[in-house]
Amino acid sequence: MKDEAILEAEFQARIDADEKIEPKDWMPERYRRQLVRMMSQHAHSEIVGMLPEGNWITRAPTLRRKMALLAKVQDEAGHGLYLYSATETLGVDRYQLIRDLLEGRAKYSNIFNYPTLTWADVGVIGWFVDGAAIVNQTMLAKSSYGPYARAMIRICKEEAFHKRQGYEICVTLARGTPEQRRMLQDAINRWWWPTLMMFGPPDDQSPNSAELLRWKVKRKTNDELRQHFINITVPQVLALGMAIPDPELRYDEKTGNWLIGPIDWDEFWRVIRGHGPCNRERLQARRKAHEEGAWVREAVQAYARKRQQQAASTAAEVSHG
Amino acid sequence: MTLETLDAALRPALFEYLLRLGDDALILGHRLSEWCGHGPYLEEDIALANLALDCLGHAEALLTLAGEVEGRGRTADDLAFLRDAYDFRNVQMVELPRGDFAFTITRQFLFATYACLLYEALQQSAFEPLAGIAAKAHKEMRYHLRHSSEWMRCLGDGTDESHRRAQTALDELWMYTGELFEVDDTLRTLTEARIAPDMAALQPKWREQVEAVLREATLTVPEDPPYMATGGRRGHHTEHLGHLLAEMQFLQRAYPGAQW
Amino acid sequence: MTLETLDAALRPALFEYLLRLGDDALILGHRLSEWCGHGPYLEEDIALANLALDCLGHAEALLTLAGEVEGRGRTADDLAFLRDAYDFRNVQMVELPRGDFAFTITRQFLFATYACLLYEALQQSAFEPLAGIAAKAHKEMRYHLRHSSEWMRCLGDGTDESHRRAQTALDELWMYTGELFEVDDTLRTLTEARIAPDMAALQPKWREQVEAVLREATLTVPEDPPYMATGGRRGHHTEHLGHLLAEMQFLQRAYPGAQW
Amino acid sequence: MKDEAILEAEFQARIDADEKIEPKDWMPERYRRQLVRMMSQHAHSEIVGMLPEGNWITRAPTLRRKMALLAKVQDEAGHGLYLYSATETLGVDRYQLIRDLLEGRAKYSNIFNYPTLTWADVGVIGWFVDGAAIVNQTMLAKSSYGPYARAMIRICKEEAFHKRQGYEICVTLARGTPEQRRMLQDAINRWWWPTLMMFGPPDDQSPNSAELLRWKVKRKTNDELRQHFINITVPQVLALGMAIPDPELRYDEKTGNWLIGPIDWDEFWRVIRGHGPCNRERLQARRKAHEEGAWVREAVQAYARKRQQQAASTAAEVSHG
């Protein structure tokens, strides 16, 4: 076995040459662990993310919106499945990952620890949250780990469609009755700051950033991605005649950036540590579905075993027949 | 026969009939959508969402056509979100709460077997727009039938627990199957006009297919009870529909006239 | 100070405050009424219905007064049945689903201890109509407190199962207790005008009474979590309130303008 | 011991002299069993009767209606408690009666096996069902068994109040919008015939009537009570501009009776045998409440035992102290 340091140097050289690392290739243990962390968190986020939007499927105001929202939440389940399989390429088992989530050991994106209080929330989640996810995933699509990059490319396409649907809901509300405009502004006020937190802590406090950049798992820093999202979204909000809930927001001619007031990082770390409005309820809902489905999963296994035994015995008969 | 060449005398009966098919699909789709995010495991969560999307798609097509036949400018959304319980025409089976996974699957199986036969026959409907909808719906319902039949065998012949739950669901749902094949004046009128199939002729096939799968699933076919639930086709439902509509219709009721 | 002699500048804050008290009573009363016919045994079914009736009575008085203070002709029914979730001002604790009997009792205990202290203090409110309501409400809340305190001792010191359920309910509800004593501009304005009591002064008494009963009930007082649920007083609720209102408000929403 | 026949003759003499039979008095075993059957069925009906009306408490359209309906259903629980205690005077145990109900052995009034589909049903139940109950109970208030008669007198007062509330709801609907009038007519159409069945099978098919009349447990026959109810209610319905769902309804000048078409006794016997729309759901709801309350009842007993032990030990300390 080659010396660890040499292996690491060769690995870094492949990264610097923009090569994709594939499941069977050698990789530093830390590289594997970082990717398992990121990819499983991403998968968990897709699954838990089904709940806040799922809360409005039964109250969607038209048949078209009902079907579009149901299809969107279904897509998220698909993304979760896809990401769990991609994570399994790193030698971890999907059910172990899900157990970590259900037993509170694994993290998922903070944004889903906030409640969806009105139909406007469904629009703003599509517009802001999927918008932020796209900014993140477009970058991750160039990630050095092959399976993750490919997963991002596919998921990004569907997220773009989801974002357009969400934005379109918000345009309809903005052009609607005074109550609908008020409902939209209230949702923007509640989702703006938590969405900015989705990009993670500022660069100077981001524990993983340096290493992830070096290994080209990430190609841009949290603050760069955040700024990119802000620059896209602020003009869209103003174009709808809506306000951004940030008195210190201003446009910087020189850099072409929209500059924002301070982010409340205390709230960020508090919610991450499990003390947001819906942390307990999200996990309870996932656990309930898992526990109430146990007898179904057992039946599937028992039935499959019976089918195999029958197939084996008929095969035996045929061969002895 | 198209919308334009439709005999005016048939419009009331046809409007009623399209509400029946449309409301069945709408309410069943709504109950199925309640599983989204709460299924026994991810793959089944996705499958149930597919079933719900198919149903809601049928509902939109059928209710849109119903509005056109009625001729008072009502859209599918008006019919879905602005009628109260006693103006709904779905069979009671589809409005029952989703219960556990065995209840939902057993209902799917009993209903999909019926819907498959119905839409297959409706492909020959003299009313062309309906025949068109039926052609697409039949393809989708064949998948629904395969999915739920496979699950019935799995639950029935899986573990003691899944067998018990499936049998309980079957016993509770059986009193709601008779309504699927009720024949009244509305249906007779449309059968004579070759717009709707003769439901009485479909019932034996339905029974045969259901019993075949139940046998493979080692489940017992319940006795036909003295009282088969009825009334849904005349606006008399269970106490569950009102609660379902209160949730489903809230936004259109609370913000009348708003566009969404 | 009466309605007529009320300083106009105080009206907005007073209207907000009356909505807070009225919505707390309305939503809690609604959750309690869900037990009717489903209690653990008949005598308790009757007792819970009494608690619900008291709360709904307070709600009607407080929301009627709120409408009069607002001066736009809104009745208690208009406020209860024609506002959407983000116009409601109740604390989040009261809107949570009723859960099991232990959850309902623990919520009653935590809320009644607060409401007893609040209404006792409000009897000296400078705003006479409010003082009048408080006098009656305080008498009734004293019974609520006795009823739920006795139950906390029984559940806490009954069986392992009842102890476990009571402790679980306490742990889940504790993050919702902070909001009861939040102080904001609205409250400061009314405290200065001697209309509302100083909530900060009531919290230690609340804590003392709660801990005394929990000790007798052999239950553990949970740690104060870093995040106390908040937002209800500003219209930011949990996902449960919208579903509750969709059911509660259906008839007034579906038949606008009708008399009942 | 006096000879059975003499006891029976003395008993009959007391009945003929309009004396009240009290719990400690001698009574034929059949008299006791008939009363246990009637009184327990009445108690069960009050408890199960809470469910159909309870279905609308959370959707009552105004605060006043919500409180009035909640108070009414609460009264019914009170009636149930009162009747269970009255039945216990005949030497049966309340929990055994409840077990009989939950395990489907005991009967309750058929009318509660019908669903409450609209708010108008709440009004019509107050008006028709409580109205029929009052006609029945006014007669039972003169029943020969003391505890039952006294229970009827008290319950009758509250039922009269309930009937007025129900009728008042219907008057409001009748004077309301076209949809409200339609809602009321739909409810009248569904509840008219089941209410007439509340008075029991026709006299010629009523197994218990003769004996109950001889023992003055009942003072009038089923058909007499039914006709009395019809004569009161038909004019009220017509006065509201509503129709009775009976094409053969006609007024008979000579007798002053409103004559009705045939009652569907097949439906009556079918629902009694458990095959009505809501039979299964009503019992399931009662069983669910009972089972989910088990741990509460156990806690109450355990807590009571601990209090007794503590009281006993403190008493012991005091006496040895």
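Going in written order, the chains are labelled A, B, C and D, and every chain counts its residues from 1.
Definition applied: a contact is a pair of C-beta atoms (placed from the backbone, for glycine too) under 8 Å apart; a residue touches a chain by one contact, two chains touch by 3 or more.
Values in this document were obtained by computation on a predicted structure and should not be read as measured data.
Peer 1: Sort out for me whether A-B or B-D is joined by the greater number of C-beta contact pairs.
Peer 2: A-B is joined by more C-beta pairs in contact.
Peer 1: Relative to chain B, which chain's C-alpha centre is the most remote?
Peer 2: Farthest by centroid: C.
Peer 1: Using the average of all C-alpha atoms in each chain as its centre, how far is it in Å between chain A and chain D?
Peer 2: The mean C-alpha positions of chain A and chain D differ by 58 Å.
Peer 1: Using the average of all C-alpha atoms in each chain as its centre, how far is it in Å between chain A and chain B?
Peer 2: Spacing between the chain centres: roughly 35 Å.
Peer 1: Provide the C-alpha centroid distance between chain B and chain C, rounded to the nearest whole angstrom.
Peer 2: So the centre of chain B lies 43 Å away from the centre of chain C.
Peer 1: In chain A, which residues are in touch with two or more of the other chains?
Peer 2: Residues 59, 179 of chain A each touch two or more of the other chains.
Peer 1: Tell me, which residues of chain C touch at least two other chains?
Peer 2: As it turns out, chain C has residues touching two or more other chains at 84, 242-243, 246-247, 250.
Peer 1: Please output the residues of chain D touching chain B within their complex, sorted ascending.
Peer 2: Interface residues on the chain D side: 52, 55, 59, 115-118, 179, 183, 186, 190, 270-271, 273, 275-278, 280-281.
Peer 1: If you look only at chain B, which of its residues touch chain A in the complex?
Peer 2: My answer: residues 26, 30, 33-34, 36-46, 49-50, 52-53, 56-57, 59-60, 63, 76-77, 80-81, 100-101, 153-155, 157-159, 161-162, 165, 247-248, 250-252, 255, 257-260.
Peer 1: Which part of chain A faces chain B closely enough to touch in the complex?
Peer 2: Touch list, chain A to chain B: 47, 50-51, 54, 57-67, 70-71, 73-74, 77-78, 80-81, 84, 119, 169, 172, 175-177, 179-180, 285, 288-289, 292-300, 302-303, 306.
Peer 1: Under the touch definition given earlier, write down the residues of chain C that touch chain A in their complex.
Peer 2: Per the touch definition, chain C meets chain A at residues 84-86, 172, 175, 225-227, 229, 231, 235-239, 242-243, 246.
Peer 1: Under the definition above, what is the set of chain B residues touching chain C in their complex?
Peer 2: Chain B reaches chain C through residues 84, 242-243, 245-247, 249-250, 253-254, 256.
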